[in-house]
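For reference, chains read A, B, C and D in written order, and residue numbers begin at 1 within each chain.
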Amino acid sequence: MTNKKIKVGIVGGTGYTGVELLRLLAIHPHVELTSITSRGEAGMPVADMFPNLRGYVDLVFTDPASANLDACDVVFFATPHGVAMSQAEALLKADVKLIDLAADFRLQDTAVFEKWYKMPHGCPDILKNAVYGIPELYRQKIKTAQVIGNPGCYPTTVILGLAPLLEQGLIDFSAPIMADSKSGVSGAGRKAEVGTLFAEASDNMKAYGVAGHRHHPEIHAQLTQLAGGKLDLIFVPHLIPMIRGMLSTIYVKLTAKGNSTDLQALYEERYEQERFVDVLPPGSLPDTRSVRGSNNLRIALHKQADTGYLTLLVVQDNLVKGAAGQAVQNMNIMFGFDETTGLEVVPLLP
Amino acid sequence: MTNKKIKVGIVGGTGYTGVELLRLLAIHPHVELTSITSRGEAGMPVADMFPNLRGYVDLVFTDPASANLDACDVVFFATPHGVAMSQAEALLKADVKLIDLAADFRLQDTAVFEKWYKMPHGCPDILKNAVYGIPELYRQKIKTAQVIGNPGCYPTTVILGLAPLLEQGLIDFSAPIMADSKSGVSGAGRKAEVGTLFAEASDNMKAYGVAGHRHHPEIHAQLTQLAGGKLDLIFVPHLIPMIRGMLSTIYVKLTAKGNSTDLQALYEERYEQERFVDVLPPGSLPDTRSVRGSNNLRIALHKQADTGYLTLLVVQDNLVKGAAGQAVQNMNIMFGFDETTGLEVVPLLP
Amino acid sequence: MTNKKIKVGIVGGTGYTGVELLRLLAIHPHVELTSITSRGEAGMPVADMFPNLRGYVDLVFTDPASANLDACDVVFFATPHGVAMSQAEALLKADVKLIDLAADFRLQDTAVFEKWYKMPHGCPDILKNAVYGIPELYRQKIKTAQVIGNPGCYPTTVILGLAPLLEQGLIDFSAPIMADSKSGVSGAGRKAEVGTLFAEASDNMKAYGVAGHRHHPEIHAQLTQLAGGKLDLIFVPHLIPMIRGMLSTIYVKLTAKGNSTDLQALYEERYEQERFVDVLPPGSLPDTRSVRGSNNLRIALHKQADTGYLTLLVVQDNLVKGAAGQAVQNMNIMFGFDETTGLEVVPLLP
Amino acid sequence: MTNKKIKVGIVGGTGYTGVELLRLLAIHPHVELTSITSRGEAGMPVADMFPNLRGYVDLVFTDPASANLDACDVVFFATPHGVAMSQAEALLKADVKLIDLAADFRLQDTAVFEKWYKMPHGCPDILKNAVYGIPELYRQKIKTAQVIGNPGCYPTTVILGLAPLLEQGLIDFSAPIMADSKSGVSGAGRKAEVGTLFAEASDNMKAYGVAGHRHHPEIHAQLTQLAGGKLDLIFVPHLIPMIRGMLSTIYVKLTAKGNSTDLQALYEERYEQERFVDVLPPGSLPDTRSVRGSNNLRIALHKQADTGYLTLLVVQDNLVKGAAGQAVQNMNIMFGFDETTGLEVVPLLP
């Protein structure tokens, strides 16, 4: 394995994906963290905002203007939507690779992007060559990508949960695909808002975004592409009183062939070589804590014979495989490192 | 209103439905709590086990043998399955009414009962005359019932959530009804088990009972009866890290007529006179804490026009409308009290 | 008992003490809620902000300017510090009684007030006649008070915890009194702040205000008054990941007489007539949930013979006895109602 | 650094200290896990009980009788009190080192041991040579120890928090040392007990062990030894609704010299070379999550000038520095590995 160290920058590191990137990159053997920017917090030591990093990250937040990101090999954007696309052209000119953890490079259809994110897309040409960063589906393209649109947290669970079925054409699209997804509160980010205060969100749960959530078009576009055809999707996310963890319970109608296929074997084979996708034994009921802090995603299959439907249970840590961990996995692939480098973290239980 | 006081007994009051019954009955103006039994804890003051009751309930747990339940007007069974049916005959002979919070009188089909509860039914004749205790559906029968099978927590949400549609024949049964239900941990009871320890269940969630949960046949039987015909049901319960609260997210395919009906108006009209069923304004996203500690159940409707499906969000406190509160509501009806007596508790928020 | 109904107004009802006042007052038999003000939320139905109140409170937030508070019999201030004192004079002229849940009328020494609250006191003359609203200590004065300074949450636990010892002169002031207090997060209020987000405050705890907390001078002044002399106080509050609940663990050095006194008997006798102060049996370890949602405060005494120290454990619901419940208790006294009216709420457990 | 791999066994790995040892040892570069025993669970794959270990630990629980622990270089005991001392002699004969995470080798005074643990000590001669495993105090002895008594969780915080003061004689023992300690629920272990169920322990807190806790004599003995003289200790532990995390708030009376000493400088100097003890800047208020999952212990000092007292805030992860992490740290020292090997885990936040 190479001993090369790459220079890494992070734009907008004051949110949860930012601190999670730092947690993972701080001990990554091939990474030299060179700068982390924040307009609002310039001058503050990172470890003052995130005390878990004290002793591990010595960086100070710098103003974006003086961050010298051009000298990086890769820059992660842990920013609100719209920031990465405003800086992409300049960085690419400086031969810097770019991994965006927001939505700027997730949706190839700019009209859909503009509808859901209420802003015009700033660099459609770059978008065309951006790669949707799910390694288990697009590893070859990621190897040579300049720009990665790192997937949303919910989409990662639904897409990896359904990919084997879609690739084999085993879903009957006469019924909609239903994804009833549940997320811990960290998914809402580190913004100060009443709705996610402890005293509001604790001992409480609710559905949200039922009338439309930004991850709906993202999931829909990816599933459609894998299916090679039209399909309906009902996606209902829920806010659950836990810090980390995501569970998607997915219901699909199987085709006749799907009903007669050994789906367990199909999934095990499909993901056999994937370190971070774990197909559980038949009958499993994965709990989210079993992947807490790790880049693992786990899938369990439950056929409901009488109805011809399949129920899938997919769990991940929304901040790791659902965000920062997958971003690091993408970086490893882009730079030819072993894909698991820095990601062999044993989940924290209890 | 009457000033009559009835004598009330509780069998097996050491679990969460027991303490919840006590919380509600302790300040019920028409109730005199005369005895509460526990084989294991005989002699212990109730308030020693449940310190919230100190100053409100002076009873001591008594051995069932010496409880003199025959002198009660009504006895609640907050016991494991199988206990109520073993004592029903004797109590009925003594002219005592009986409200069972376990499953002994929920399933009219004894074969189904025996399959799921692994015991023969002890009193099928009494079962035949027992009433399934959802007041909003069976109020007239409850008035004259001797025996109430108090509904399960999950069934209450799904049945009340779907009743208006089923009564009007607006669900297309070519697709299964799907209930993705989420419950706080108190639903698992007060048994000492590793899986519901704080350090196991906190900051964690999971689906369970996917291969079959005892509430499936109960829900299925009730929905079938309301529908007057065959239907498929997929029911997946989930364990959520909160003490109280239940949310069922229900997905149904509408008939053509269902798609063209003003469902919001239908629901509002159907439940207009129901104090404890609250149809929320269009677009609502109910959170479970908004009913914490109260007997309220709230329903929100979300039509998903493109797909012809309707998503229902139904929340309740699993220990109140899902158990003890509904039982008290049934008692009120059986004895001619105002149905809301003792149940006008404002939910506790935050 | 009287059947009189009084007109009640609330200024600034958008925080947790506001919603808690509403929860209690909504079902208070002698209260007619006539107005609730909020500058920012005028026009919004109260139940839209606090969905637990839907079906119980029909009021709409009104602008303070149009609230016609002069027509009230009593006005509660659930506002930031400084608001009540700016409106007190006008209300008193209109013969309206005033209960302030902020700090404007808690500290008789205006220099201390100004040091800690960074504002001059606006009405020192009114302050002089204001009564510190702990009924168990100052019931007679409360009966005729025009203005109540409702105590802080922490002070309520420490003062009621120590009053019997101070009244009898049993504490040796050669050592400081130490109050190590722990509070649920609702004590920090309903402001949107990063530090009290679920993902920050959950599965976490910390001390705060060690260098000085505003409740220190309040506790110190009250203890000094009860002691009739000088004493030192060390007070360290802690933020605990729970919604409601407060526990003060208090350590005091006893005098020789204190060491030889039957303190359990002393406390039981002192509080025998107090419905809301519950002296627990010897050896008790009160948990905060045992008073959740209720106006009860519980005290347990633990003598540590070898050291000559006494450890007191005092628990309450910080939003009830620590705020809104005590305010309603004060109102009941001021208007001649039975002191427990509207406050006989059985604590919610689990 | 050596590339040597040592053979490691774990006796009794079904509790939280067991799974935590496995989490740390699974990726320790110098460790070969050879056996893990459990009488009750023999034959079960470890990863079936602890799903976070799936993919990291392939071991199966074996019966103690067939575990062949004699072939190990070191055996950890994550067992109830009394087990390690029953097997120590045999293991030592086989030249196996032993690290006990229970109390068998923590208390040199066997009379005290027998009083608190209700059993005679089985091997007082071995106990005499056992070393109390706090590396920051006893590193030299640990290097050559055969048997380590790994400290209790509470004692680690109090002892490391006070060591610099005691070493310099800066505490005035005319007042007792007071340790008001708070622990997450995982400290109570993985036993199925009602009191630590989620629905009991969540949204709740309480003091416990006020009349006497087993860690009191352990702390007292260690402090006395460091002080070289008699002192009084008041120790009150509290149960807090969080999984991991421990905070001890310690109050000590300073001597005149203590009051005039720059304690911040003293602590920083004392622990300057200690990777796992972090003296925070003046004014710090450490939160427990800042060390979650890591072996770090953090100390903040707050002088309270008026009173002559010092308040110390000490936080750690009770399962890591308070148990398994410290045990691994001891192992590293005993076998000549770099002391931080396998322990450079960045804390998980949020």
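Note that a residue touches a chain if its C-beta (ideal position, glycine included) is under 8 Å from a C-beta of that chain, and two chains touch if they have at least 3 such contacts.
Fair warning: this is a prediction, and the values are worked out from it, not measured in the lab.
Graph distance from chain B to chain D, where chains that touch are one step apart, equals 1. With chains reduced to the mean position of their C-alpha atoms, the one farthest from chain C is A.
With each centre defined as the average position of its C-alpha atoms, the distance from chain C to chain D rounds to 39 Å. Chain geometry summary: the mean Cα position of chain A and that of chain D are 37 Å apart. Centre-to-centre, using mean CA coordinates, chain A is 46 Å away from chain C.
In chain A, the residues that reach two or more other chains under the touch definition are 16, 184, 186, 190, 199-200, 202-203, 241-244, 286-287, 289, 292, 350. Residues of chain A that touch chain C in their complex: 16, 184-186, 188, 190, 192-194, 196-203, 241-243.
Every residue of chain A that touches chain B in the complex is listed here, in rising order: 175-176, 178, 180, 182, 184, 199-200, 202-208, 210-211, 232, 234, 236, 238, 240-245, 247, 249, 251, 253, 283, 285-289, 292, 302, 304, 306-307, 309, 311, 313, 315, 350. Within the complex formed with chain B, the residues of chain C that make contact are 16, 19, 23, 26-27, 50-56, 186, 190, 202-203, 243-244, 278, 286-287, 289-294, 296, 319, 344, 346-350.
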